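I have placed the structure first, in the form of structure tokens, so that the comments after it can refer back to it.
Just so it is clear, A, B, C, D, E and F label the chains in written order, and each chain counts residues from 1 on its own.
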Amino acid sequence: MYELGVVYRRIERADRRDTEALAALGSATVHEAMGRVGLMKPYMRPIYAGAQVSGTAVTVLLHPGDNWMLHVAAEQIEPGDLVVAALTSECTDGYFGDLLATSFKARGARALVIDAGVRDVKTLTEMQFPVWSRAISAKGTIKATLGSVNIPVVCAGMLVHPGDAIVADDDGVVCVPRDRLAQTLTAARAREANEGAKRTQLAQGVLGLDMYKMREPLEKAGLRYID
Amino acid sequence: MYELGVVYRRIERADRRDTEALAALGSATVHEAMGRVGLMKPYMRPIYAGAQVSGTAVTVLLHPGDNWMLHVAAEQIEPGDLVVAALTSECTDGYFGDLLATSFKARGARALVIDAGVRDVKTLTEMQFPVWSRAISAKGTIKATLGSVNIPVVCAGMLVHPGDAIVADDDGVVCVPRDRLAQTLTAARAREANEGAKRTQLAQGVLGLDMYKMREPLEKAGLRYID
Amino acid sequence: MYELGVVYRRIERADRRDTEALAALGSATVHEAMGRVGLMKPYMRPIYAGAQVSGTAVTVLLHPGDNWMLHVAAEQIEPGDLVVAALTSECTDGYFGDLLATSFKARGARALVIDAGVRDVKTLTEMQFPVWSRAISAKGTIKATLGSVNIPVVCAGMLVHPGDAIVADDDGVVCVPRDRLAQTLTAARAREANEGAKRTQLAQGVLGLDMYKMREPLEKAGLRYID
Amino acid sequence: MYELGVVYRRIERADRRDTEALAALGSATVHEAMGRVGLMKPYMRPIYAGAQVSGTAVTVLLHPGDNWMLHVAAEQIEPGDLVVAALTSECTDGYFGDLLATSFKARGARALVIDAGVRDVKTLTEMQFPVWSRAISAKGTIKATLGSVNIPVVCAGMLVHPGDAIVADDDGVVCVPRDRLAQTLTAARAREANEGAKRTQLAQGVLGLDMYKMREPLEKAGLRYID
Amino acid sequence: MYELGVVYRRIERADRRDTEALAALGSATVHEAMGRVGLMKPYMRPIYAGAQVSGTAVTVLLHPGDNWMLHVAAEQIEPGDLVVAALTSECTDGYFGDLLATSFKARGARALVIDAGVRDVKTLTEMQFPVWSRAISAKGTIKATLGSVNIPVVCAGMLVHPGDAIVADDDGVVCVPRDRLAQTLTAARAREANEGAKRTQLAQGVLGLDMYKMREPLEKAGLRYID
Amino acid sequence: MYELGVVYRRIERADRRDTEALAALGSATVHEAMGRVGLMKPYMRPIYAGAQVSGTAVTVLLHPGDNWMLHVAAEQIEPGDLVVAALTSECTDGYFGDLLATSFKARGARALVIDAGVRDVKTLTEMQFPVWSRAISAKGTIKATLGSVNIPVVCAGMLVHPGDAIVADDDGVVCVPRDRLAQTLTAARAREANEGAKRTQLAQGVLGLDMYKMREPLEKAGLRYID
């Protein structure tokens, strides 16, 4: 499916303000608002706990053991972007360290999401440059083969188009297609608004069984209580 | 990224004759002809050795533990199709067995490619209905939640659009986008044509080092021979 | 949960004739008849394709790298039994080979199900002594630590009591508790009886959508067809 | 093995005071005191470091992608309980988040142990509601199929009966059957009492070789020192 | 540990006749005769069942996604050799197919053992050129980076020196260091000679408990029989 | 390959001062300075974040589920050593806890690197005794079978000789052979010296494309920019 050796310089980015708004909502709420789709595979983990970010995707396609295109991607970053790196086949090598992070940060990148390994995680943590990856590895990479920048990629099982909105936190990474961002944001906010009241009730000991009116459907489904 | 609860009845299928021609070439040759992309992850394995097929993709999106949409997909199968089933999250349950295989075969399906488990593999083998899957499991599924049919899906890491050409054999499963089929076929045939002569030379003891003229570039790269 | 260093010589075995009858039904049908429970994890694979057996469980608990108790278990085997071996922690070593298989066979064992590795698989295949295991490995084991024989064990995620009925084939391994065997057999046969007619219909091109009357529930669930 | 669609309201819980006492001893000491059994598989990890808890098990059996029964379980929680959730087949979806945690906490639950995924881990960490799970995932679940509450379950390879005592910390999760709690506690305390003196000796440079009198058995076993 | 960019042309090969003799003994017997060491990790599997071979190791070190050095290795093959390919980091790409197999065979190679993927397995099976690998994958590789030939390598967890004797069959792959071959062969033959008599006894129903005189040590270890 | 039942008391350790110097450089820089080799597999993870140590290797070979030789190894530790423990087959049991850590620390050990599990991680963290392991597990081990101390071992895929220099941090574990330490240190320092200036430039927004002069080679390789 992949076009190799190309860099698309002009991409249509999702609305900046709407994209920013995703971070506070978090990956779980956004994923639910999308109709429970859009989540990358759960092997994608943050290198440190607590980061919660969103940004517009600059996508990169990389070959196993080769990080050349990350340098090419750096030039395409605009403030508010988040780099999403996919691979042509599985690899856990450390494609990204503190030098590239310094460069990405200087260009305005919010984070890196990469379906491979990264290194210098102690320094990245000190820099507070968040990364979601499938592995941590000191193994370096070469610069020999062309991939592409800003083509549609499959990263950790999820299709990402350049310009899509990405939200990432301790629960994982979710991709919101550009043309579904507004409706997703509305749905996510509605969901969020709803949760405060529920939390108060549950904290007082009200059961979800009653709050969500589950007793009748459970009975219909045949649930039996035995004393 | 996924639209849920829809069935696209009209899809544009890749050229029938060109699609048929892929089977004889095999997944490795076709994948090379594509520029070394298009292969699903190698955990996708055939349930029996030796099958080598191609077909146009009817795609299905399934939920974990729920095979309802495979029945919906059956109706959309035309002779020469091959069903590609993706999941919204990882699952190894047995979504498909001899009854569905009987139905798919009656509709003209060539094979099933599913990023989940299948069962009745002894009978499927006797029927010679080929399946590529990530698991074999007797675990049954329910029929409760809507997925979709004939939307673009990510199956085993690869994006598949309905109507794309699929080729599958013992080496794996490759997806050829509909609009790249003709050029891929040409390139694959050229590659294939080339191989007979090479095989003869190699069988006579000629070294790849000489046949591919690698000695010079190896020397330039700094290779040292030590006696 | 485990009592160590004990061998229960008297176990109550599931009814012999009912246990025998499970083999022809197969793991998928029996598992469905149980209400879709009882299946060991799908990493349990047969060492060769095509075996389909059932038997009453003689259980063994083993330590990592130690197969001593398999020799103790051999003495407890009666014709029609099937040995189920669990481990106190994960190990892929080769606990069982052609000598133990010769012994087990001589005692009347139908098969071995082991949550570890086995070896001599070429010879075991020639002997047609079926084994379901998590691995194949030439790595030998020692004889130093006591486990137990005929206590309840958890094998590949499933609880097995001594005397339970086990059915195993290419789709996996299912455990039927002794006191649920009769009802399970009845349900499995009913299911089986039902399948012949369905297969004929499906082979003639009737769709599951119609045969199972799924069109209405799908519509109610909101499925939309788009032309 | 599983009975589906039932909730046992009356369970016999392990002695409260003895159960509480397990937390301070920790999973490793308790597991040794049991004769080195009772530990769930090591893929069960805490969502944050440092929690060390014990409680009586309320068990739940869940289907892949369906968390309905967690709401049913909430009603069965009594102060001092700890919920143990098992699955009918493997799944990493996020079954549990901050709302359910609020409810569980209000009911007096000490923790959740679940052989699946959870989400909202940042909030759970802030709430200091400890969870041991096999995964972290933003993926939501549906509420469609009945499992059971307070039946014996196999969770991460370990059999847990409702009312059993559970101890969990950074080293893992151990189940102590109700009728073995008193003797286990005695043995664990004896072990613990013993360790202080050993630690002092080892800190002073005394070797385990001498403290445990291993030199003779090592020599008997044939150990050779080479200078 | 690895020296890169070198090819050692002169290696000392293990005794040819002794190496040949290993094949008939098989990996399990040879591994036992070594004192239960020497086995590669059990994820190394044959691409087809039934092959049982031995040979002297020509070793290759490869980079992820790059098979250049396999061509360099081909020239170093002498009749009776077996190529052992290790990687600098994990990769499942298809490094080896029917053309390289034709070349290796023409040079006299007995088999390939590779800690990566291979392809064209249908053709390799027809050619009866045996391969042990960690994966099967149609994914091709590039020819860009120097590794080495005939340096010591770690393949699937086992250290292999060029010239070591390798034996491989359905149970796995074992490496016998050159200087331990004679004694290993003697021990393996003794073990083998021993097994015929044992097999006969066991087939007649004699228990291992009696044949190996285990009853006393089991009793001493505290085994209790309960009726 | 392994010699069993031996303890080499005299090993030649890498230069102390050079070994100490590796810690500040870190695993990624050292691994690059070695020519991108020497790294253990990335499944080796620190039990707590932030530790960065180096030491000379005392090696141990252990059997699955048996930690006897760790006590034997303790006696061979000299101040500045770091224990590297390999296994004869895969195991995740908890071989090492706070008592052994107290002993190792008293002997002057810097850390433990073990291709298995450890426990008491909360206490180890409080003690600030760093461990890199493949797992955390409360599962205890026995003391029954002889391994060896100070023989060459393969740990997490990497060959380690006794006396080699080891450096470990959040990015992983690297082994520097004793006779390559001086040159590696020189290369690593050169690399390090280089990085400060690069970091400053990148922080100012200079692109790697320009700083590393990549534009020309990328163009030569055929990279196309599309607006």
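Definition applied: a contact is a pair of C-beta atoms (placed from the backbone, for glycine too) under 8 Å apart; a residue touches a chain by one contact, two chains touch by 3 or more.
All values reported here derive from a predicted model rather than from experimental measurement.
The chains in contact with chain B as well as with chain F are A, C, D, E.
Listed candidates were A-E, C-D or D-F; the one reproducing the A-D interface, defined as more than half of contact pairs identical by residue number, is D-F. Across B-E and C-D, it is B-E that has more C-beta pairs touching. Chain centres here are Cα averages; for chain D and chain E they lie 41 Å apart. Averaging Cα coordinates per chain places chain B and chain D 42 Å apart. Annotation: 31 Å between the Cα-based centres of chain B and chain C.
Among the residues of chain A, those in touch with two or more other chains are 36, 39, 88-90, 92, 137, 139, 145. All chain pairs in contact, by the document's touch criterion: A-B, A-D, A-E, A-F, B-C, B-D, B-E, C-D, C-E, C-F, D-F, E-F.
Contacts from chain D toward chain A in the complex involve residues 5-10, 48, 68, 71-72, 74-75, 92, 94, 97-100, 102-103, 105-107, 117, 119-122, 125, 135-140, 143, 145-146.
Every residue of chain F that touches chain C in the complex is listed here, in rising order: 63-66, 88-93, 137, 139, 142, 144-145. By the touch criterion given at the top, residues 1-2, 4, 35-39, 41, 88-90, 152, 154, 157-159, 175, 177 of chain E touch chain F in their complex.
Taken in their complex, chain B has these residues touching chain E: 26-28, 31-32, 36, 39, 42, 45, 49-50, 52, 169-172, 174, 195, 198-199, 202-209, 212, 214, 218, 221-227.
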